[in-house]
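Look for subunit A in each of the two complexes below; its partner is subunit B in the first and subunit C in the second.
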Partner chain A sequence: MIDARGYSCPMPVVMVQKEVKKSAPDTLEVLVDDPCAVENITRFAHNNGYNAVSRETGDEEFALILTKKA
Partner chain B sequence: MNKNKYLVIGAGVIVGLAALALTAAGNPANMGFCIACFLRDIAGGLGLHSAEKVQYLRPEIVGLVLGATVAALASKEFRARAGSAPALRFVLGMIVMVGALAFLGCPLRMVLRLGGGDVTAIAGLIGFAAGIGVGVLCLKKGFSLGRARKVQKADGFVLPGFMIAVLALLLLAPSFIRFSQAGPGASHAPWLIALAGGLIVGVLAQKSRLCMAGGLRDVFLFRDFHLLTGFIAIFVTVLVGNLVLGNFNPTLAVQPVAHHDYVWSFLGMAMAGWGSVLLGGCPLRQLILAGEGSGDSAVTVFGMLVGAALAHNFGMAGNADAMTDGVFTAGGVAQAGRIGIVIGLILLAIISYANLHREEKTK
Partner chain C sequence: MEQEIKLTKLANCAGCGAKVGAGTLARLLDGLAVRTDENLLVGFDKSDDAAVYRVSDDLALVQTVDFFPPIADDPYLFGQIAAANALSDVYAMGGEPRIALNLLCIPKSMPDDAVHDLLRGGYSKVYEAGAAIAGGHSILDEEPKYGLCVTGFVHPDKILTNAGAQPGDVLFLTKPLGAGILTTAAKADLCPPDVLNAVFARMTTLNKAARDAMVQFCVHACTDVTGFGLLGHALEMAQGSGVQLELDVSALPIPPEALEFARMGILPEGMYRNRRYAEAFVSADGVPLEVQDALYDPQTSGGLLIAVTAADADALAAELQKTVPDARRIGTVSEFAEAARIILH
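Our next item is the complex of A and B:
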């Protein structure tokens, strides 16, 4: 899991990119609190072979689940 | 093409049209919008510097911030956050401003200059891209300014509140507020048109996340061209608009509020690009983020105001070329500006190095 809460863009996407490059996980959970980060991570996921689903977890925070495309 | 892609292209087109309209309404040529120049004018209007030709409380800046605030509140995206290395952000704001004013324009005005045929701005564009490249290397090496945290909601209204005060001072015009009688500061659209232009662009920039530095940064970092399309849309709109209006002048000859000092234009915009990547966005983006409640970006904007004041008080800002009665007077970046750029680049290197590997590990 990546906890990118408190980081502003592009840091959350950079953190996701590093994890994907390092371990190419089948699934990856990312916590953010910036709506812009949700959009950027979703776009990064789609451009890099992942599906991304996001949900608001309350209190201005979001959880994204990235799943490797089959 | 998804909805967000249309939004960023549409925002770019509207920004370009607004810039053309504001120039037609009285703003200086190729300066429908310029965040660096307009913050510099506000610094002068408030008496923070004494350059008489660049003193005016620009309503465009007020509109950009308040437009972002309204859009963020309406979409429940207003987030009062602060605490991510505010002192460093203040310094970075100053550095970005000194670099941009040496070139004579922020990244947005750089695009407007290019769209008006100002070939001299190409040196700035190449420098800007180079600076972003260095900033991206820093990000890849683990550069971070650390996490922000939630703060009291009122903290998020500091810059919007400041901008309301700026607008009030413009309209009330007390004797201590300075207004240029000649020069770029005296060239301005009527305040209501300027404010409306700023508000419209502020709303669109908040919705689309438009960012001049982010456009190239995302290409270098992720091969993601999303934000760059907004950058290109502004350029194409301004280019076509200037061609239609007969204002396209593609020469190396004297260009409006520009100079031929290519090396220092390159280095000034390299400094602006590098600093913008470290900050997470260009000067326009900093205004929008501050409007969305970011205290860190508000501090950055105050740093830019102080940087603009120092740039003029210390003679670091670029001097425009001039043609008077057929006699050409070369402008450029004076020795003080060159020293300022060298010091700024050294500071950027120190700040970058000192903040590598600050990013926390994944859990």
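Our next item is the complex of A and C:
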């Protein structure tokens, strides 16, 4: 799980990219509090072999689940 | 010399990316009474780059203001970019800057030397433009911001608005795109130094040479490409002129690194905002998403988008080649046929 809350763009997507490069996880949960980070991480996921779903978990807080495409 | 402070770390969003979105702005302005004046030739109801007021039969004032948070860490460089960006609105109207006033917001923590360097950068560009700085206003703020209110002169018969494009015109863009994406990558130290330096060099380049070239020809419309991105500003031109713009995607100058960062999701918030505002009016069938991203990418101190009559297109291209080598012919203007306002080929 990556907790990128408190980080502004583009840091959250950079943190995700580093984790994917390091461990290529089958699934990865990411917490963010910047709507732009949701869009950037979703864009990264789709271009790099992952599906991404996001949901709002609180006031301006979001959780993304990245799942490796079959 | 070592940089003691990193200006961009003091700001939440950078450059023209901090601009309030076009959709939000339209909502905020909706319903405000517009006072008319027969000499106010271009007012805020026109969504243009600057206001224009006729003083006499052969003189009109071009008035504009622009300021934003740091887009570069070096204060001198930030000052230069902010000034080049503010001056650009006068050039986009076909005018020549004459006098400017500083707008400055500074945090208490910002060292005096850095503030001085910032202003020195601004002065250098205003003087290069042939204008004078006559004063300004400074306030304390949590994050730094800088820009200028600029007044220029133009002949009332030679004003170039964004609303005059005509079917058959040829479109030129005078600076490459991708600046918002590349400076966003730089915030994470991902942008190669040579690529970033090239971006900054373009941002500090005045649109003076492009303006001086275009006013020699039959130009019907002009705007500068800034916070709304190429497609946001092109949409304003298309709607204002009642026409359709057809853009040749392969001719659009986009640095390959910007496309690479876009694929990685390194994109500024303003790109998504611009896309949401304009995409319903854009036909982008078959155009890769990362290329579209670059076309919605907010630019700071971007180039001029020029619509010139077809008969003068080759001559303008030749003139621009001499002084604005980055300029490209990027498309044409056609009749609006109740379809998309902008077609990407």
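Just so we're on the same page, the second predicted complex is superposed on the first by the 70 of 70 C-alpha atoms of A that agree within 3 Å, B and C clash if a C-alpha of one lies under 4 Å from a C-alpha of the other, contacts with A are read in each partner's own complex, and residues count from 1 in each chain.
Methods note: a contact is a pair of C-beta atoms (placed from the backbone, for glycine too) under 8 Å apart; a residue touches a chain by one contact, two chains touch by 3 or more.
These numbers come from a predicted model, not from an experiment.
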Touch test for A:I41: subunit B only (first), subunit C only (second), both, or neither? second
When both complexes are superposed, which of subunit B and subunit C contacts more residues belonging to subunit A? B
First, second, both or neither for A:C9, with subunit B first and subunit C second: both
Overlap of the subunit B and subunit C footprints on subunit A, listed as residue numbers: 8-11, 13-14, 17, 35-36, 39, 43-44, 47
Using the touch definition up top, name the residues of subunit C that touch subunit A in the complex. 12, 184-185, 187-188, 190, 262-269, 272, 289
Under the touch definition given earlier, write down the residues of subunit A that touch subunit B in their complex. 1-3, 5-11, 13-15, 17, 19, 33-36, 39, 43-44, 47, 60
For the complex, give me every residue of subunit A touching subunit C. 8-11, 13-14, 17, 35-36, 39-45, 47-48
Sites on subunit B touched by subunit A in the complex: 4, 77, 79, 81, 84, 139-140, 144, 146-150, 209, 214, 217-218, 221-224, 226, 280-281, 289, 294, 296, 359-360, 362-363
